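Below: the structure, in structure tokens.
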């Protein structure tokens, strides 16, 4: 058996943090992505601009730089604000953003921009005839969204979604640089302490591959579900 | 040149963070980032072409190892790959005494190896997809002309696959530029390394990271512009002569 | 009277607790970056120990408050103080002008010199611009050693900056670094004592000029917490008088 020098439990905890971080970030990214896609398709020019600005800025800057900016800068920005409150109004507010929340916030924010593009393309791919048909049946705007646009959109969005998820999963490794004890950080610490980098890094690589393979399988099943009603040819 | 430097110095006179010295860190960082990204992309690209062809081979002993390589390098974080290569090479018995150590000693080459293997795997998959979607008619036409397998690959399949792969490859280039930011983790003073240095020295996260974000943004836009230009030119080739 | 509100942001929940605080010194949390042997590190069982930890606990006992230690990476240690993740930093932090703009320092509690460390077979005898030319120097990013080496030898040598002292030692072991510049007690403990014979100090111990080396290590507080800093200064003076300080010093540095 492989000797983990007692780092086994911590490595397992780290893996759990990686998964939690990835799943929560994905949820945030999906919400932000839907909002962005809606904003970009909006008739209000300023909403459209805002959506475009967000996706352009986020996609033009490396994840790690954004993470450091938001992580180090975000805290200092909040501190400036609370210090100002303290000196101006004698109100002492304490806002502590822990590493995990900051990680979820940052990764969610980054991938919200990518999701926005995915969802926008998928919404546009929905046959407008179907939407008109829904309207003709007297469906409300919301009902059309829920019954026709969303399920159809998901079918088109799934490949992009699964792709984004795979990239997001690997991006979580970057939080180790900022100080969150995900499995990469635990492995890096263990490597230094035991002088056996191969053992720990390869274990981490295998866990990533496992998660990726399981989610690939999951997405394939989901795609099948949303593809119901479409023949093999499509 | 002297006049320009004097002007710059005057502009920076009352700025305690962006002195000529820190700006030179960013400058050197820019050079390092561009070198690292450009070299890994070129080597990765050269590697990817035969691999993409082999990936579609009917022989399992050619196809499977390439599949495995792509699967591993696309399925794990680049950071883990970088750690493995940077710290891993040290533990190869006796490597310090060989000529290899001269190039592996500095962090640049281990990082270059990690980046190249990573982009090579992604590029292989991009090309494989493009080769697979070569229209049947083009291949049949080439066969009908009596072209050999090699000639057909060189004259028909690869040129048309390159064109189809271009948009996806453009994304890969941008991805690589952004991924290169992790080079700073193994002490390379790339753009991000310079920003981290300035942050640590002056406790000025906004100045340090916003400035470097702006540089990355400019680089990203240049790449997007370049690929758009390239696509336009290559699409012009595809257009029928009559317009 | 100040109104103190504590707002902590959870993933989905935000809780607000309102309380009243007065000028009296209360129980505090102290931020520390580990490992930095022998100043602060963990025993194999995971317990925090070291010169800073033991002195800090003694100071808290003297003041009559409870102190809790919070581990925080060096990169974010000052922002963490301002964010009130903890109320003080006691983590081998050198008092200097740049930091003074951000935090309030106690009186220096120890003034260790810095020193050069190199593999035992190194040819460097007196580190200067000439002998360091083209060499790979290791420093911890954002430390006074980083500033010193960058300003004096940044142009001639290859300066490698690490997030932790541990990373640096690993690369020195691997043969990637020719020489490192560290707080002397840390280098002694991690390089000289733990790998006897493999490493040596090079040249004299350095603690001048004050521009880089400051006035020694201090405990950092938020600028507004003057009463707290005052309480620690008084306690430090008492411990130095009654011999407790000397006892802890001998335990970690010998002699």
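Just so it is clear, A, B and C label the chains in written order, and each chain counts residues from 1 on its own.
Quick note on the criterion: a residue touches a chain if its C-beta (ideal position, glycine included) is under 8 Å from a C-beta of that chain, and two chains touch if they have at least 3 such contacts.
None of these values were measured; they are calculated from a predicted model.
This structure's chain pair with the greatest number of C-beta contacts is A-B. Ranked by how far their CA centres sit from the centre of chain A, the chains are topped by C.
One simple way to say how far apart two chains are is to compare their mean CA positions; for chain A and chain C this gives 36 Å. For this pair, chain B with chain C, the centres built from the Cα atoms lie 39 Å apart. The distance from the centre of chain A to the centre of chain B, with each centre set as the mean of the Cα atoms, comes to 23 Å. Within chain C, the positions touching two or more other chains are listed as 75, 79, 170, 173.
Among the residues of chain A, those in touch with two or more other chains are 72, 76, 195.
Counting partners per residue, chain B has 87, 196, 199, 205 as the residues that reach two or more other chains. Residue ranges of chain A in contact with chain B, taken from their complex: 57, 59-66, 68-69, 72-73, 76-77, 166, 170-174, 176-177, 184, 187-188, 191, 195-198, 201-202, 204-205, 208-209, 212-213. Across the complex, chain C is touched by residues 87, 90, 96, 101, 105-107, 187, 189, 193, 196-197, 199-203, 205 of chain B.
Within the complex formed with chain C, the chain A residues making contact are 24, 71-72, 75-76, 78-79, 83, 86, 90-97, 100-101, 104, 179, 192, 195. Of all residues in chain B, those touching chain A in their complex are 71-72, 75-81, 83-84, 87-88, 91, 174, 177-182, 184-185, 192, 195-196, 199, 205-206, 209-210, 212-213, 216-217, 220-221. Note for the complex: chain C touches chain B at residues 75, 78-79, 98, 102, 136, 141-142, 146-147, 160-162, 170-171, 173-176.
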